[in-house]
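The structures come next, written out as structure tokens.
One chain, chain A, appears in both complexes that follow, with chain B as partner in the first and chain C in the second.
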Partner chain A sequence: MTDATMPHAQTQAAPPRRALARRVLPYAMLSPAVLVTLAIVFFPMVQTAWMSLHDYVLFRPNTFDWVGLKNFRTALQDEVLWISLWHTVIWMCTTIPAQLLLGLVTALLLNQDFPWRPVARALIIIPWALPSVVIALMWVWIYDSNYGVANEFLLRLGLIQKAIPWLANPDTALAAIILTLTWQGFPFFAVMILAGLQSIPRSYYEAASIDGASPWRQFWHITLPGISGVMVTAVLLRTIWVANSFDVIFVMTGGGPGYATYTLPLFAFVKARTNLDFGYGSAIAVLFTLLLMLVVVVYLKRTGKAVS
Partner chain B sequence: MALKRRSTPRRILTVDLPMLAILAFTLGPYLWMFLTSISEESTLFTEGPSIWNATIENYTRLFATVGFADNLLDSLIVASGTVVVGLSLSVTAAYAFSRFNFRGKRILMLQFLLINMFPLVLLILPLFVLMRVLGLLDTHLALIIANSTVAIPFSIWMMVSYMNGIPRSLDEAAMTDGCTRMQALRRVVLPLCLPGIIATGIYIFITSWNEYLYALTLGGRNVRTITVAVQTLIGEYEVQWGLLTAGGIVGALPATVLFLAVQKRLISGLTQGAVKG
Partner chain C sequence: MKLARTLGLASVLALSAGLAHADSTVRFWYHFDNADNPMDALITAFEEANPGITVEAENVPWNSYYDQLYTAIIGGNAPDAAMVKAFAQPRLVEMGALAPIDDWLASWDATAGLQDNLIDLVKGPDGNQYYLPVQYVVLYLYYRPDMFAELGLEVPTTCEEFREAAKALTRDTDGDGQTDVYGFGFRGSKGGHDHWASFVLGAEGVSLTEGLTSEAGVAGTQFVADLFQKDEVFPPSAPNDGFQEIIGAFKAGKTAMTIHHIGSANGMVEALGDNVSAAPVPECGGGRWTAFGDESTAVLSSAEDPVAAWKWISFLSSAGNNAKFNEATGQLPVVKADSESWTLHPQRFVQATVDSLPFAQMLPNSSETADFVNTIWPTAMQRVLTGDITAEEMNAEIAKLYGG
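And now, the complex of A and B:
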């Protein structure tokens, strides 16, 4: 992507002062962004780690006692933490594949020739642009046990016998939220995969159909390998984003009923927000971040190769 | 996929109809929300939402009694502020990444990528403590700073990819004509990637406009953005679905319109790196 030859060739010819200026220039240009991110991202991050080692409850502002790993020990013995972790796992293992599959089908359809394709392509990404609060409230209204359109629709079709309080029932709440998150996220996959599909040379398909390969075999041997890179990247990115975002859940159920829709980031947020226990909340946030870093490292390795 | 031109009826069955089904799933909830918002509150629960006696009563009430205009203004200030901060800090950084080779370049670039992946919950607690100490809680500045944690790294990555698309020979030509580096950046590179910068700016605007958790935690009585305002409609007025859905439509409108306007350029910028990788 970049080449080093040009500046180096000039450095040798230039007088020393200008050479120094040239070497400093990139750092000078970077410094505003780097300094600001140090101040507003890295400093707070270190502060979280620091808070997690202290007893820090916001309504007792004068106590900031060093407790070492006590918050972490408490967290690991906390049943809610394991419930949240389990939900996080279920949530990731269903939402991401559902989004991927629906996104793949959508992308394959959008890659076909049909008259209203540009319109379809523009409209399909609308869920992506909506504020998550609006998405959450919209679906709360859809799932409403008395007047919600979901119940009415299923009753008319005869799939259910009586109205179900989707979000108030601990057995269905998580599934209902997963459907909402799938709806919100699949356009991202569709768009990414479509870009991948369009980068596959048409000549591959021409050659394959001359050799008599069926559409299914063409899909299996040309299309899938052609978009596998994009799909892996998209899955990694989406895993990170889905794991990070808990605003939809927070607005839809706030974690309830009971702990039925608690996930790790939500747990940390609620602990800090309602109990004002910033030490404990920070400890959970740190634990969650460490888990997430496993995915992030895989993603960075892939991208790191692309950058250099 | 298949190259043979298929007959129209078959195409309708295998492409158009499935596509319509997916679009119905995609747009259905949104249309349902719109339909609810133009129904009368009094008949909503007896007859359900319907298009036949459409009314804008919910919308007028939203601005007259709930004071939605102030919330829109707060959102506008926060989102525009984030765009200015995000873009101005990242232009020179993106140029350095795109045009120079220097020690630590790879680490620095990955560092900006890494920031984008930190869980929000890791930053929201210390930012709250920090803003409280600085006395910035419930100000626009606090929200602009919080949103910038995402906006700066994002716009650096986007702009690097746009600037890489502009040939280096143009900068070099400008510098042989006597421009300095900064002049070359300002007079040659920036105008050429202006469409990309605008798309990045609009994306930052949309994400800041839609942001909720920072706005909820760091905002308050004085600064209440549209997303928080929509949510508080639940608490203050039982659940008036007509009013609430009207708020949802108004809150989502600016972002949706902007998104549709720049979707093509934005998506090409977003997917470029991924397809290559």
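And now, the complex of A and C:
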């Protein structure tokens, strides 16, 4: 009797255990990553928000007074915040489309058959693979008004009459940095779009050719819809990265001349790290995070849709 | 059982006693640009002379030196001793990060051997002594004697003469319509306040804390703006130029004058030979002002073994060792005996330094000076040079910082 009932009891108990294990397993496997993210991303985020509500200057460590929204009110009345915001808008609205366009053209070219194509595909990634500081220093020398190749080249072509101090002139400094960032970031778009291009079946093009579609119409009706998903995701991701990045600006001009190349992340960094005013710097960072949240929400919605 | 417990207790006590007398480690932060870093040799000599003390010296990059130091102090990971400049002292004292060294100095037999007044110059804002000088420099005017001779010019002694000389020296030497040589290499980015101050703070009644918004103070800043905008005697890149750019341009013959100190003299001579010399900065507005460039060492209040840290920093400022230290940094020793036997720099640069000492000054010993140096001055100066704000607005901004 006992022998007969035991297996029966086991088969009765097993399914709930397996079901429980199946429910717990994903959480167990995800938890290390979630815990690390909580510790190194969410905790500092909460800490930043908390600091932004206090008067906290690093060299007065014993003073940590609650000031409510004072830092935010001061920031909104600060001329430099609005200058930085305007530069951030220009910075994002020109850098990302320029990177996208250059990346698209590069991907279309790399998708053609030509000798040494694998080598070209490998070389194109170099600007993306180089550290930002190296890129910034390299371009500082390219733009140098005494020795830079940019001026030398333009002078020899007769396009300018005298050397231009690209990074020392407030009218050209931001544009010069945008060009640098465009060069640095376009390979990301090129690689992403190239992957998208390769997923479009060749039969679509063959059918379109038989129907007499011109190359332009093929691009418009087959290629573009085929890579639009990749492009939107890449643009959203890159928007977040470009908006947050200030390392290249910091190395190339430090925000100068004057405030000519100040962007919001740089302004927050200078206030917190150089002036040691962590309360005010945190308030600027929180304001910028709220602005950027709009893009993040669009991205998350899109990712969620793709998953479902 | 009782015996076992007694033995156990005795072992713990013995272990604790052993730990209390264990070897000390001094964590020391410094910044050297020179690749021939002599720190290892100095550490070896120190450790041989002080058995039981180990020095862990870390060369922290200059650009982020103070950012890292302040962050380390707040984060509870400060070094035991560090190289420090006077402008940072008010903040470090406010943070309670420094240990007073008055008692150690009083009983140190080498105190009298330091250069006169140096100890007083770096006295703390609260009257205590925290800093022990380790090297010093005074800023002076570098010029190209060959270019001056070619144009029949005299070394300028006043701002007016300086302006005329700079205008004459700014020229197209190869006839291609481009300016090849500029009169003066102005440092418009961080660290250039010393250049500006030499043209502005010499005027009577003008200092960072007083008289900056007076007619004389504004005239000084306007003089700098005019040199760039009207006379065009600075390279067009001046608003962004830092140390590397002004020194590089002078060595390459792109500029005929600039302001720096003896630390760059050997590099200048290596590049230009006899075609480089030095003189005190010109007199502007009736007086002269040049920067006294200090560098000291200090014991941090959080030091695990402050006595060991003091032994190490006093070792660096004692005869012989101080000379070795300064051979690497290219600056001047603070120990009288080392100065007397000093042969590292050509005499003309030592002379220019000595001639500049009587009017050399330091920046105000207040907490605002760090902001002045790091952000307020560079941003405002760049905005003036690029025409974004006026000289009056710049001086008002600095005066406001200092509560004027």
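Note that in this section the second predicted complex is superposed on the first by the 282 of 308 C-alpha atoms of A that agree within 3 Å, B and C clash if a C-alpha of one lies under 4 Å from a C-alpha of the other, contacts with A are read in each partner's own complex, and residues count from 1 in each chain.
Just so it is clear, a residue touches a chain if its C-beta (ideal position, glycine included) is under 8 Å from a C-beta of that chain, and two chains touch if they have at least 3 such contacts.
Fair warning: this is a prediction, and the values are worked out from it, not measured in the lab.
By the document's definition of touching, both partners, chain B and chain C, reach A:273. In the superposed model, A:183 makes contact with chain B only, not with chain C.
Once the two complexes are overlaid on the shared chain, A:288 sits against chain B while remaining clear of chain C. In the superposed model, A:167 lies in contact with chain C only, and not with chain B.
If you count the residues of chain A touched by chain B and by chain C, you find the higher number for B. Within the superposed three-chain model, A:108 lies in touch with chain B and out of touch with chain C [touch as defined at top]. Looking at the shared chain after the overlay, A:29 reaches chain B, while chain C stays out of its contact range.
On chain A, the surface touched by chain B in one complex and the surface touched by chain C in the other have residues 144, 146, 273 in common.
Contacts from chain B toward chain A in the complex involve residues 1-4, 11, 15-16, 18-19, 22-23, 25-27, 29-30, 32-33, 36, 44-45, 48, 89-90, 92-93, 95-102, 105-106, 108-110, 112-115, 117-130, 145-146, 148-149, 152-153, 156, 164, 168, 172, 181, 206, 209-210, 212-213, 217, 226-228, 230-231, 234, 241, 244-245, 248, 251-252, 255-256, 258-260, 263, 267-268, 270-271, 273-277.
Of all the residues in chain A, the ones that touch chain C in their complex are 58-61, 144-146, 155, 161-165, 167-170, 253-260, 270, 273-276. If you check the complex, the residues on chain C that touch chain A are 67, 70-71, 74, 91-92, 94-95, 177-179, 188-190, 235-241, 249, 252, 254, 367, 371, 374-375, 378-380, 382-383, 385-386, 388-389. Put simply, chain A touches chain B in their complex at residues 1-4, 6-7, 23, 25-27, 29-30, 32-34, 36-37, 40-41, 43-45, 47-48, 51, 102, 105-106, 108-114, 120, 122-134, 137-139, 141-142, 144, 146-147, 149, 152, 183, 187, 191-192, 195-196, 199, 202, 205-206, 209, 215, 218-219, 223, 229-230, 233-234, 237, 240, 243-247, 250-251, 265, 268-269, 272-273, 278, 281-282, 285-286, 288-289, 292, 296, 299-300, 302-308.
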